[in-house]
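What follows is a pair of complexes built around chain A, which joins chain B in one and chain C in the other.
And then the complex of A and B:
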């Protein structure tokens, strides 16, 4: 098979995966939101409308149609390039989502940039030291990954803002919602996202590092007198690169989802905060839009990771 | 280069310093910017000023961007705003409203009677969302007489038209149908950036009213009450709307101003008149007598509340002054026996965690009512389903009222046909008296009649109003000019300033 053909085939697989994910995620969002008690008509009327006016409002909003029809209608609008309108405020969904997309993208990027070196350092520490301290590092990673996100945020706020007064306790972005030029507002949420993710990925990759560490070629290198940093980067790292890239993809996806908790707690105006409040208001088109973006990021990330891992494996095997 | 005479240099330096000081001192007297962290959530933030106004952050912004017809004046009177005069005919069904002629929208158009009428009609068409705020008006029969005069028709003789036009009657240009971006307004400020959840506003120097002292105001929706309080304590906001009594007490000890809006929050306990055991008036009275109001008030509102007297709208200017109800367990037990419950009975009291203290209200009340043989099982419903499954349906629950006036409460909860007649108060003669009171042209007589109606609900109705909490806002030192009046009066923050 030619390179072009295999590339086209890989592209086709990614596209099929993205489509399938979009269908499954949006259908799941519609089903989940309508399974919750109360709906957008209740949100709009605040419980103070008669059954008759509620029925009228549901008809106007199209909430009286069965679930599959509502989902079908939404799919049609999406395929026409229109994100639809909020059921709660009638505002175009794109107006709600677009300004927050940048804020969350920046936050996620900073968090991943912090998490990756931390995770690699932790993995090297856990995988290449003597068994006793390796176990300690692994336990540290497992414990770190198990701390609930809310606790991480609370502890960071108490320490970095309360005790040390280094950072503001909330991450309130200026009107317009751009985090550019306000790195001080990014530190707390990015750390809160990065630390548990790094602990998780570090623990996971520690095993891969340990396997590579005991591989014959590493023992050869040690016998030849290669030590320290050179041994780790030249002889160990190439063998954990492909699982590491996959782990980064999962970390990115995980970060995008934990952002909901962190953003809400710190008042950061991102997609996560919007998602939480949209679920509370039963605003299906908004929830579906945010869910869809998240799902597509995961699909794209996984595809990129697969591609990068393949390239790394090919280069390593041809060396 | 020639050397300047030394004295001239000194003079120049002195002059520069003086001007620097002068500009410095004006800058330090009034700050350019006030940042307000208000109640609201990202997903419900809206540009539509005629809906439910559920987001406080939206309502505050609308009160700065748009003119309203009238506002609440001091002592419960109505003060002019866009409307300068209002005159009824002899039947009280036809009102002539005169508007000011010097108001202009941000796009340069003059504000006309047609714009005001259009806005009122739009409110009526969204009755499901704004609790029928315009229900008393026949707006199809109403008309704009000329550029600055509206003739408003009411459905029946109605004397409280100026009150009905208060505070929420935001005027937008006639024909506005797209609210995806904010329509032009004629108010004291204009929106210059951000979005509904986080807006930047700038003073409208062409506004007809008193010049606002602050150049820019930012209003941000912050859903979490603790986050709002933290924002002010850490200096990330200058004002925080509606914080909990606990947060207020903490902030006060940290040197932050606590602004109290009296008699704003009540958690009335609803007893449905059409469900046992509360269908018996003796049981309702027994509950009112057995409640330890002081314990509830101290626990739920702390230092920021007063004992309640079962009056639903104690902040309303027409609320009657009556002797307080004292706890009388013997009388309460006797009443229970009289109603046939000498051996006690069991009931379920629903509550939720939507507002701070709703759940502790239920647990405390359960213990207090045990003393008269009423075995109260407390059930805490999740806030998401409480308003749709429990509110206005359950026989016994902890409700919420956020400082609205008697006119509104009687419309939404005390008429037989009210959509949320939560206590099942269906009393034809009371409703006739209400209609008569609303048709009474003499203000003092009207207030008296409305007061008597509130007394009747207090004594015979199904509401236990055990305490009244203050609305609590936080402000950094130096902030002044914030309104503390009841209801929507709190929204008009155009005179806010920070002086250093």
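And then the complex of A and C:
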């Protein structure tokens, strides 16, 4: 098979898989939201309305139809570009989500930009051939990945803004303002997201790096006196590329969706913070929209990584 | 002067056993020194200890390496010395070349490496090989590419580990010329590891022997083959990746040893891989025991057992996590359905027959020498009691005594009906053969040696 044909085949498989995952994920998100105890009718009336009023309200909001019908209606309207209106504030979901999406996208980008070099450095350290030092770095990576995000945030706030007073303790964005104008507000949440992610990815890739180090051509290069960056960039890293691309994709998607904790703790008005508020208010369309966006980011990220890895592997197979 | 002096070199393994005890070595400038010894005697370990690149598990516990009078300290100083003053050709050249790189890039990693004259001197056509990647080279071509890289820049010390293991007589002569020229033109010293007595005695000024059991090879006797055809190949053609073979028809009978010889790069490995089911693009008919041989994924369990393949690079064919004995025992359990105990005793028995003791069987591939790995792979193939053995260079890394033992084991199995088709450059294996198929351009022609009445039926 030619390189182009195998690439097209791999691309087709990746796209089909991503589409199927997106459909399943949207159904799962919708089902999870519907399974929440109490609904928007309860929230709107503050729990004081009579059963009759509630039933009427449910009918106007379309909450009385069976689950699969509501899911079908919801997905068709979304595919038509209409994300619905918030059940609580009655504003269009798009207006609520768009600025939050931008804020979270910027935060995620900065966090990933910090995490990737950190993870690579950690992977190289944990995958070294000196067994004692390798064990130490691998333990460091495991410990780093195991620390709960809340603890990371707390420690960073105490050190960076409490003891050192370098940064504001909260990352409150100005109303309607974008995070691009206030880089100082991004530092705390980005670090809090990047450090555990880097530890996780670094520990994971350490194994791949160790495998690459023990490859015969790397041992031969060492015996010929090739060392340092020359050895790492030319003989070791090309063989870690494929797992690294996948790890970066998972880290990116994970950061985008797990930002909720960090955003809530630091008051950063991103998508995650919106999700937490919307769940508290049983604002189904908003929860579903945010949940779906998060899930789609994960699906798209993994698909991109699969494609990139397929390119690398096809190039290797057709060497 | 740029002399290498080694005094009292001691290497211990992880359990505190001495692998090398007190090796002395003198390589004066512009001389050729050879290290010989039986398979597993530590020839490659000497070279690795001198270079300070011992694999994990081995430690240099004593001794001194001096270069041009000054000691070479292990660590950074040794790295600098390796980069500036040495050129290395390691064992198993196919896997030591970076698999993603073209030959051109591989050679230009060393200054002056991609020099056309240097390739021509080793009978490599730059136009043909420069754009290929290691997996597109034959074993012999890869060895010569690695040699061209090792000699680029004319290093003051050239270290060659089995430089001719995949080469035929003509190319071996080219390598000998190259080493001789280094000495005559005063380009530098050469430290050579080889089990090939002829090659060593023709070249070396001085030989360091790590306990040889004597040279001289006596081919073990095997009964004449029976008339029963095991492998029948009819009009076999291989045109991919490049035209290699056209319309080959031959048979291998029960108990027969047929060797395929031909220049390096002619396609011997591809032929064996095609029969083993690892290279699917061929035309023609291949039958084993009267039934057509299907491609590997659709091959019946009986055929999987009956046809065993011995690859050229045994290191790549062994799972690095499995100990030698379990690798062999596993084949017996999977292919013959033996119980764990019976499989282990069958494995130990076969390993002993190819002169590997139980302690060696306990090691993992990385801790075995090149010749030991070659014998583990052979034992793994034979334990399945195949009808046909496809062997690619089964004796290339073996000294005379060990090669005798290995060929003796093959003779025993042939007496019980095993048919062997082997690709080789090794004259010792050719001497044992019932028939020789010689590769000329893209055709195989039969050269009958031992049993003229039984050969000759194929063209």
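The definition used in the following text is that the second predicted complex is superposed on the first by the 292 of 319 C-alpha atoms of A that agree within 3 Å, B and C clash if a C-alpha of one lies under 4 Å from a C-alpha of the other, contacts with A are read in each partner's own complex, and residues count from 1 in each chain.
Please note the rule applied: a contact is a pair of C-beta atoms (placed from the backbone, for glycine too) under 8 Å apart; a residue touches a chain by one contact, two chains touch by 3 or more.
In this text, all values refer to a predicted model and were calculated from it rather than measured experimentally.
Q: Which term applies to chain B and chain C once both are placed on chain A by superposition, clash or fit?
A: Here chain B and chain C can both sit on chain A without a clash.
Q: First (chain B), second (chain C), both or neither: which does A:257 touch?
A: So A:257 meets neither chain B nor chain C here.
Q: Name the contact category of A:267: first (chain B only), second (chain C only), both, or neither.
A: The answer is first: A:267 touches chain B but not chain C.
Q: In the overlaid three-chain picture, which partner chain does A:102 touch, first (chain B) or second (chain C), both, or neither?
A: After superposition on chain A, A:102 lies in contact with neither partner.
Q: Which touches a greater number of chain A residues, chain B or chain C?
A: B
Q: State whether A:77 touches chain B only (first), chain C only (second), both chains, or neither.
A: A:77: touches no partner chain.
Q: Scan A:92 for contacts with chain B and chain C and give back first, second, both or neither.
A: In the superposition, A:92 touches chain B alone.
Q: Look across chain B and chain C in the superposition and give the shortest C-alpha distance you find, in Å.
A: 52
Q: Following superposition on chain A, which residues of chain A contact chain B and also contact chain C?
A: Shared contact residues on chain A (touching chain B in one complex, chain C in the other): none at all.
Q: So in the complex, the part of chain A that touches chain C is made up of which residues?
A: 129, 131, 214, 216-217, 219-227, 234-235, 238-239, 316, 319
Q: In their complex, what parts of chain C are in touch with chain A?
A: That would be residues 48, 51, 53, 55-56, 79-84, 86-88, 90, 92, 95-100, 109-110, 133, 135-136, 315, 320, 366 of chain C.
Q: If you look only at chain A, which of its residues touch chain B in the complex?
A: Those residues of chain A that touch chain B are 36-38, 42-50, 53-54, 56-57, 86, 88-92, 95-96, 99-100, 161, 168-170, 172-177, 264-267, 269, 273-274, 277-278, 280-281, 283, 286.
Q: Within the complex, which stretch of chain B touches chain A?
A: 37, 41-48, 51-52, 54, 127-129, 131, 179-180, 193-200, 218, 220, 222-224, 227, 230-231, 234, 236-237, 382, 384-385, 387-389, 391-392, 412, 419-420
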